[in-house]
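By written order: A, B, C and D. Residues from 1 in each chain.
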Amino acid sequence: MLEKLREEVCIANRELGTSGLVKLTWGNVSGIDRSSGIMVIKPSGVPYEDLIPENMVLVDMEGNIHDDKLGLRPSSDTPTHIELYKAFGNIGGITHTHSLYAVKFAQARKDIPCLGTTHADHFYGSIPVTRLMHDDEIDNDYEKNTGKVIVDAFDGINPDDMPAVLVANHGPFTWGKDAMASVVNSIVLEEVSSMALETILLNPNVSPIKQILLDKHYLRKHGVDAYYGQER
Amino acid sequence: MLEKLREEVCIANRELGTSGLVKLTWGNVSGIDRSSGIMVIKPSGVPYEDLIPENMVLVDMEGNIHDDKLGLRPSSDTPTHIELYKAFGNIGGITHTHSLYAVKFAQARKDIPCLGTTHADHFYGSIPVTRLMHDDEIDNDYEKNTGKVIVDAFDGINPDDMPAVLVANHGPFTWGKDAMASVVNSIVLEEVSSMALETILLNPNVSPIKQILLDKHYLRKHGVDAYYGQER
Amino acid sequence: MLEKLREEVCIANRELGTSGLVKLTWGNVSGIDRSSGIMVIKPSGVPYEDLIPENMVLVDMEGNIHDDKLGLRPSSDTPTHIELYKAFGNIGGITHTHSLYAVKFAQARKDIPCLGTTHADHFYGSIPVTRLMHDDEIDNDYEKNTGKVIVDAFDGINPDDMPAVLVANHGPFTWGKDAMASVVNSIVLEEVSSMALETILLNPNVSPIKQILLDKHYLRKHGVDAYYGQER
Amino acid sequence: MLEKLREEVCIANRELGTSGLVKLTWGNVSGIDRSSGIMVIKPSGVPYEDLIPENMVLVDMEGNIHDDKLGLRPSSDTPTHIELYKAFGNIGGITHTHSLYAVKFAQARKDIPCLGTTHADHFYGSIPVTRLMHDDEIDNDYEKNTGKVIVDAFDGINPDDMPAVLVANHGPFTWGKDAMASVVNSIVLEEVSSMALETILLNPNVSPIKQILLDKHYLRKHGVDAYYGQER
């Protein structure tokens, strides 16, 4: 099981590396095996083209390195991933990037309003930006607290229907049923962010789409009566 | 005839896949055989690089699957294509995308004014955005009603001279004499949208070009005395 | 001589085709042999990858086809090129494109002010936009009159020091000592246009650079004491 | 030692050529051997793909050509590089580009405020823009004086913690421990500039991040207790 997960997470990280969303090594993907509580994540600072299943890093939910063969450090964002896996029980993969347009909203500290059906097809409402972190949250356990402010932002929001967040002054995290699904959500988020930003510049008074249209599109793809794509 | 159409529509969809206009599977092309009333369209959710003439889906003007071999579902936008073929009797192909700049105008709910000759060479006037759909139009037969609000927007506009529309809060549809012509119009629309958006940011008071210049450019390429390109 | 010119103009057109400045067939390059008064130009509507020296079209300064072997029509912009060759006696090549950022300024009907040294290295002052054309100028000999309004815009400007213009509501023409030099100027113009547009959005009150800095940069590369590049 | 430096500087210039940051030959990289005081720099006006270690140019700190084999001129920006090596004693490499977004801030004559953690990971505070140069600074020893106004801008700023500057109305210079590190900083600067520009358009009232967050991110990567990447 963990060998398969190493492979999936490696493939998802390599996909991220060729997606156009990341410069240098500014992004990481993880996946989790819920039965053992072990997470597999990108090693810190290693170029995407050098990734192989063997250099993925295994970490348990206390942040301890598991099954250490190569002695590589996990991504420095590992404690953030752990908090998300703990709080959001249904998710199987997480991606973090500094993709340009999502970062612009994160830096502007603005939610991304749902302005069209591309957004509504994937995210069920406004994509939230987190509150600013308090000084003590930055000083101690910063990466863990980054996870905690994300979880705070989901008070009243179902993370299964909103697989993305913008960390204020930082950038996006996305998630999904597995590592690759979280990468796809990062790709979609970047498109949606780009569409929204210049829609707002073109029409500063634009308003979000109607709830009934949001329901129609989101549920067409994700509800129990979904009718998009081929039958499984 | 239908075999040739399968091939043309397949090629046009693959062209769309490499055009830079679509992410993931967010776009589809169809073509119609007017003599039999059969439309050929992309299967839903299938990656562009996997498309072959055999997996194109045939649908009649009542939306029934015709000549079903592989059991694939047609694009979920099929009912929209049908409405357009019914209302616009001269068109032979339709393309739908979520291309970035066209979507920005669709989300801003603004027509694209004719600000220059690139636009005038291809679209005879402002490219219209549809009205918002009513709740009942969203609730029932949504994709069919999407076609109907497009047709409503062409009250007083000749679709043969305006082969593009922006569905409000959604994105563009384009058409042409055949499937490939509709893809080309999607490419042109995206360029024109990009040009227009930042022209407006640079000069918010910009006005459309004069009617005589619009006539000159559009008719130079499309009128009975067209003199662009080589003789046919 | 004309065989060599055919080849140069063909290469320059193919370079334009791969430059990223043109979509479809929206651009053309010509070159002139001043001794014979014969101009070589792209055939109308032919894809860049199909261009070979043999299908370039030769035209004299009265617009007559010279040495017609293949019977191809020249670019529909041919009369504009002719007017420029007649008025600007030192230039040897001309390029016309609909490149995105240059078009945005042309559509906004704004000169491109000299905001930095990238601009000053290549264009000696503001890049002018033409006046609007009168109705009768559009109605009759439109392409020839397009050349004439360009020439009007250079009243008081030396075209040798300002190898670019924006035709209002249309797009840019650039020129140079030969066909390839005019293509390079189109590439530079597009960069400079992009830099200028978002500089203005970021700082609407920005002012042009000082004359002394403009002189320094332009003359460093183009004056009699130029010291950029390797000695010839 | 100098042979190794020739090779490093050549590789760094070629990397710059494929980075997407430069058009034509608008950029150059140098490196210095501190023991001999010899700098290696790109030859002026030579395309990146033609660069080999042998055509790199060696220059001493008085601007004299050292070990002249091929007789090539060094980049016209050489005197600027020299001033920076003299004033900033710890740096080993310098890159100059006209990359689009950094130039937009330089032309707008605005510092790039630290709006997010991407910025804070690499630059310890606002990235400064230089003052305008006086007429006599432009008239005489212009390139040398370009270096001097950069040094002026670092009054009170540690160049080891701020490896980038915007020369007003011109463009960026970046530096680092060696030639390649300076290229990487140019890549990062361009990303950060793009993020900042449209953040400001989206939210004109945006404020810089808190000092404690800047400290956290910059020192996480660059302080004595850095914990990013793998152990060396």
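One rule holds for everything that comes next: a residue touches a chain if its C-beta (ideal position, glycine included) is under 8 Å from a C-beta of that chain, and two chains touch if they have at least 3 such contacts.
Because the structure is a prediction, the values reported are computed rather than measured.
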Same or different, please, for the chain C to chain D contact, judged on whether over half of the interface numbers appear on both copies.
different
Per Cα centroids, the chain farthest from chain B
D
Chain A and chain C, separation of their C-alpha mean positions in angstrom:
47
What is the distance in Å between the mean C-alpha positions of chain A and chain B?
33
If you look at chain A, which of its residues touch at least two other chains?
201
Of chain D, residues touching chain A in the complex:
115-118, 184, 187-188, 191, 194-196, 198-199, 201-203, 206, 209-210, 212-213, 216, 220, 227-231
Which residues of chain B touch chain A in the complex?
23-24, 26, 43-46, 72-73, 76, 98, 100-101, 103-110, 132-133, 135, 138-139, 142, 169-171, 197, 200-201
